[in-house]
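For reference, chains read A, B, C and D in written order, and residue numbers begin at 1 within each chain.
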Amino acid sequence: MIVDQVIAASLTLTTPILLAAMGGLVNRQGGIVNIALDAKMLAGAFVAVIVSSMTGGWFVAVLSAAVAGALVGYLFSLVITRANANMIVAGLGLNVLVAGFIGFILNWVYDSSGTLRLPDVQLLPKFMPDFVSGIPVVGLALSELEPLTVFAWITVFTLPFLLANTRIGLWVRATGNAPQVARAMGISGRNVQDFSTAFAGFFSGLGGAHLALASIGLFNEGLTAGRGFIALAAFYFGRDRPVTTALVCLLFGFLDATQIRMQTAGLPPKLIGTIPYLMVLVALCIAGWRNHRRKAVAP
Amino acid sequence: MAEAASIGRSPLMDWFDKGIGLAFPFIVALVVAAVVLLAIGENPLDVFALMFAESFGTQRRIAATLSAATPLLFTGVATAICFRSGVFNVGVEGALVIGGLCAAFIGFTLPAALGLTLIPLAFGFAALVSAIWLLVPGFLLARYEVDEVVSTLMLNFVAFGITGYLVNGPLLSEISGNNVTPLVHEAAQLPRLMPPSTLHTGFLIGVLVVILYGVWARRTPSGFEAALVGQNKRFSSAVGISIPATIILVMVLSGVISGLGGASHALGQLHRFADGFSPGYGFTGMAVALLGRNNAIGIFLGAVLFGALASAGTTVQLFSDIPLDIVNIIEGTVMIFAVVELGRISLKRWRARR
Amino acid sequence: MNVRNAARDETGQVSVRLGADRLCKSYGSIEANRDISITVAPGEIHAIVGENGAGKSTLMRMLQGIEQPDSGRIIVDDQVVDLTGPQRAFTLGIGMVHQEFMLAPDLTLLENLVLGDEPVIRALGPASTIDWRSALESGERLARETAAHVDWSRTARNTPVHIQQFVEIIRLLRRGTRILILDEPTAVLAPQQVDDLFALLKKLRDGGTTILFISHKLREVMALADQVTVIRRGEVQYTSPVAETDPDTIAGHMVGGQGVLPESAADAKSRQAVVGDVVLEVSGLTTPIVEKSHPLHGVGFELRKGEIIGLAGVSGNGQNELVECLVGLRPVGGGVVSFAGQDITHMSNQQRRARGMGYISADRRHEGLALEASVEANVIAGSQRKPPISNGGFFNRRAMRRAAEERLSFIGVRHGGLDNAAGDLSGGNQQRLVFAREIASRPSLLIVSQPTRGVDLVGIAAIHGILSDFRRNGGSVLLISEELDEILALSDRILVMADGAIVGETSASDADIGHIGRMMVIQGAGDG
Amino acid sequence: ADVAPAALIIAQGGLGDGSWNDTANAGFQAGLKNTGIEGRPIESKDVAAQGEEIMRRAADGGFGLVISLEWIHGEPMEKLAVDYPDANWVIMNQTRKGDNVASVVFGEHEGSYLAGALAAQVTTDESIKGINGKPVIGVIGGVKAPGIDKFIVGYIQGAKAINPDIEVKVAYSDSFGDPAKGQQMAKAMFDEGADIVYQVAGGTGIGIIEAAKAAGAYAIGVDTDQDGMAPGNVLTSMIKRVDVAVEDIINNYADGKFPGGEVMDFGLAQNGVALSDMKHTKDMIPAAYLEKVDALKADIVDGKIEVWDVSTQGYPDFFQ
């Protein structure tokens, strides 16, 4: 049926955005607006395909993708926290740089351009028992679950706990909220920020791995298709709260999944693509206006 | 962003400082590129020599470089005008694309009989629409403190969506194999400066914009006020400068210049609007502005350097096996290191020690 | 005061818990601390008083290891220690509550309490889960011990300031602080809240904690401290057990002896009441409460042409807020401000300036000047649209240079060149630069806040000269200063501000430094 | 051979698009190999604006053959051909004047017509595995652009020629490199009753074929023979011989027989476009359907049927 299809598609399309958004959200709670999530997703996808083909194991591939993303994120963070680079411009630069490097490696190591198709790429396994597909409405979505989607949603519901209850979670929030206070309390704000950026890289890398290994098993330069920016939009819209952000991601995933239906309804695809960004703009305006009101009425 | 509200603060040291600021990121980028080139067994010096020859070797190549630099003159200034006032506008790209579409629209819809008046009309319309485009986030920032980085970033994507839709729908050329508008009337096309090179009058307009920007920044009260706001908001409002008015002014100016840049590119280079109108001139413009430390001469040099990279980066492929990715690597590295303060910090320290 | 003797104390008991021995600290040409020596006994509450800029915070920062002294030694528990940083001070049991709040606004109080030293369920490094239950227990135990009522689940942002103050103290105690330094802990508290805080501090003292606290308010010192030290211009002026002194004596040492008054003060007594037109009229001025600001409660006064009104008061009593309301940098809650017969209550700063108001900000480094900008830019700012500096929308560079030179030389600002950064000037010259700018636009009214803070004696005389000249030429001045000498030297009339209201008034001829000092620091004394 | 080198200017989207640029480049490389001529593909991020400078530089730099894959380079090339009469110029998908200009046009619309005709016959034949009785088929384009709609319109026309009541679902993925999205879109189409989806979306199409495989339905490949990407689930592929065209040109150029001034039509008649051999699906499709397709092909070649060409005729009434 159509409903279960839409649910399944929304869920699948949500996962990469969701993973990147979870990373970006922690990063922003730590005080860094990361607009280079896209670059880290791309790096993750690239590494995932290579490692999966080399080892034939999806788990190692996914892990390597995450580590690669984290590494890129960490280096990026150093530029911001140690060399005081402006995070926005450096982020834009990183997007260009990573694309350049990957293109370069594709060219010189794999002698191809744009697409990397390797033999024996192992995809993410679908592990649910067969009978679930018989469950009405959600059966299809369930039967298509793979580990990363499950992990992403586990993260959504554990992240609030981790942020609230672990030392590092507290440090991240304190650093983002009041760096001078964190410093006075003996916490190295820079290290915490570096951690949060590496964390964002880790999750973006996972998002990239999902894009590459969920079903298609190959790498393409355009694979991320700006999803890093959609993730950014999601956690801005979700005000850095994991569950809200996840719902926004789900909404964006749903928009993607129903895009084809909206096209049938006569909406041009280009305009449909702007909906997430327009939503964020509207959300920003409402938040700004409310803030303004609150200040104006302050007793 | 520390270009002092310096009405003429220009002893030798200052120039030295700026020179380092401009050169440092490029040196880092060249080192990175050299490492990559060595890794693939190319001699970096040969490659750099070839790239230099391809960008400045002959008159024609210089013209090609300047032609590639033309849009960056506009986007560099449009960005610098905001950065200088402490407004982090990353929406120049979107405004440029919108402006380009508007100019092309005027250029092919109005009757050709209007002749040369088409050009000012197209430029004017582009400037107007782009100014309104950036006025929106400017207003939101000035009045409601809506974070301009995110609002302008989001607006870029909206601009891509709208122009992408229009150029495929209502404004699509009747018969074409691609998403392009019809060609603008011949009268609306900017004449070329050094035929056969594609260098066109838009370059002169761009240079004029840079000069006007320099004059505005250093020789007018409003440029002075904007710089003060960028340096110290509390001070500025204490001496009677309106912060919201300044923010709105610089955003509108930025929009106007982005629009002019789009018009120049549409009427001078492509003679229409098309998919792939801008490969990110607005974003490169940010690097240009930062590299040039928001200073007019710095912006000009920065734009030329990036123009050289773009023009040489493609044509070297004719004569060597260097892939385009090297250019991306250089460009990305320059962008990142343009904003790194290492060079400046150590220079300041060194100066403080003396 | 003699450390070696103290160390030889034969009972084996520590006699000096915290001491400073001839500490010196200079910032450039400013000697913030000169040979400061103090000793604080265990279980003592020691008050440090002194005017703004006297060097109190500098001393505290050195005792906390944030700043290193240029010379001199620091003693803890009779031992000379090397305070390499705040972390070292922490391990020695020294903790400080800063002048500004050190709580992360969006974290809960409990989170703020444990931040940086979290109790964990199982040690897994940074990934350990925080043991909130034990955190809460320790917080509540300490709160109980200190008789504070704290709702630990609130965010700091939504917590009243005095509770925030408590939490900061409790946080230090939790980390084993035995020596508590408080920098003006009462500046933002309401009287009732101050009493609560004092009860807490006394309790702590009785429990053996040593407390060093900075205050401007003598009532508080008398109520709380065991020992008081007065610092003036970077030097220890006076020190005494509180029981053996009285507010008048302390106030006298704080505001300085008679001898240091500049000459111009001599003619103060001969001044007549000014009878010109009313230039500035303020009535019933109130402000909303905004974080960390003192609200105004119905401030009213009149300022006449050719008159200097001195506004005396201890910092943090609403002077800054009043100034900002008058110059249009802070929205007014209620009341009316009129200037030259016109209601300007809701006008912008720009409009007020256009009507002839000038403003010398107390915060020279952030509001009075743009330190990175050139001297020329700073002295021209505000006049950038006026001819001949600009004509038809463009600067006349020559005229601008000339105007800048004229303005600077009129007041005698010494600078290395118009193109140098204003931040490169010495403090006194920076302040002259501000005057040069503000006088140049020929205002009819100057709002002047702390005009001589950080300025040397020659500079002070010059600035006083400028103000006197300005008045002689028909200008009106509202002078806000914590230097009573200064107010006495210049004012025709003196208003005293305390707790967001004008609490007293006296004419220059009747002015008595002791009386004014009492009104300032001992609330209500003015009435009696 | 001391023939001057050749340059191939890559169109927007760059190498790695999995279709147009990649296929042409493959032919280019093959041609160079055959003839021993030197040559290089040229990419630019700013290919729209830089095209003219690149082509001029190539001519100045002693290149004897310049092939541009970018549609927008048509106009400047016409002028350049005059400035550089000794160089040979090739443009695609449009007709440009000049003795030393060869224009190459493809009959994508014609090939797509056949694909549509085949799909329309198959989609109602429930005897074929995975086919439902509903007359519903689909097509997914990479972006909405005339170059893509040329395929789509041909496909629709072919389908309607078989069954005027057929429903052809059309959608665009808005990207040529997003297989994840292609997969989801195709899934949605299958789910709505389509059983055959034609992909005109480059790299995105990989996902469409994946989706067909997963759904047990059919995709139609494009550009190259994609039948083997999911054997049995790719009904056929609309092969477009860009590679052949480019290789041909280089061969001719090497032999001194550059087709200057000619329009090289790579339509059905010239075998420039064709349906694949259907190695994996031929046996499950009733022969009658294939015969019908062959008949239609003959009619097109003979000019009895005219297939609408968006790139020269604009949009037809039956498509928006």
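Some notes on this structure:
Heads up, the rule we're going with is that contacts are C-beta pairs under 8 Å (C-beta built on N, C-alpha and C of every residue); 3 or more make two chains touch, one makes a residue touch a chain.
In UniProt terms, the chains line up like this: A, B = ABC transporter permease; C = ABC transporter ATP-binding protein.
Owing to the predicted nature of the structure, the values given are computational and were not obtained by experimental measurement.
Between the chains A-B lie more C-beta contact pairs than between any other two chains.
Centre-to-centre spacing of chain A and chain D amounts to 34 Å, using the average Cα coordinate of each chain. Chain C has its Cα centroid 47 Å from the Cα centroid of chain B.
For this pair, chain A with chain B, the centres built from the Cα atoms lie 30 Å apart.
Across the assembly, chain D contributes residues 143-144 that each touch 2 or more other chains. Residue positions of chain C touching 2 or more other chains: there are none. Chain contacts: chain A has residues 268, 270, 273 touching two or more partner chains. Shown are all chain pairs that touch, namely A-B, A-C, A-D, B-C, B-D. Chain B meets chain C in the complex at residues 2, 4-11, 215, 218-222, 224-225, 227-228, 231-232, 234-242.
Residue ranges on chain C touching chain B, taken from their complex, read 327, 329, 348-350, 353-354, 359, 361, 363, 366-374, 376-377, 380-382, 384-385, 390, 393-395, 397, 400, 419-421, 437.
Looking at the complex, you find that chain D touches chain A at residues 14-18, 22, 143-144, 169-181, 183-185, 187-189, 191-192, 203, 206-207, 210, 214.
In the complex of the two chains, the chain A residues touching chain C come out as 165-168, 170-171, 173-174, 177-178, 180-182, 184-187, 195, 298-299.
Interface residues of chain D, counted against chain B in their complex, comprise 7, 12, 40-50, 52-54, 56-58, 60-61, 63, 71-72, 75, 83, 92-94, 143-147, 150, 311-314.
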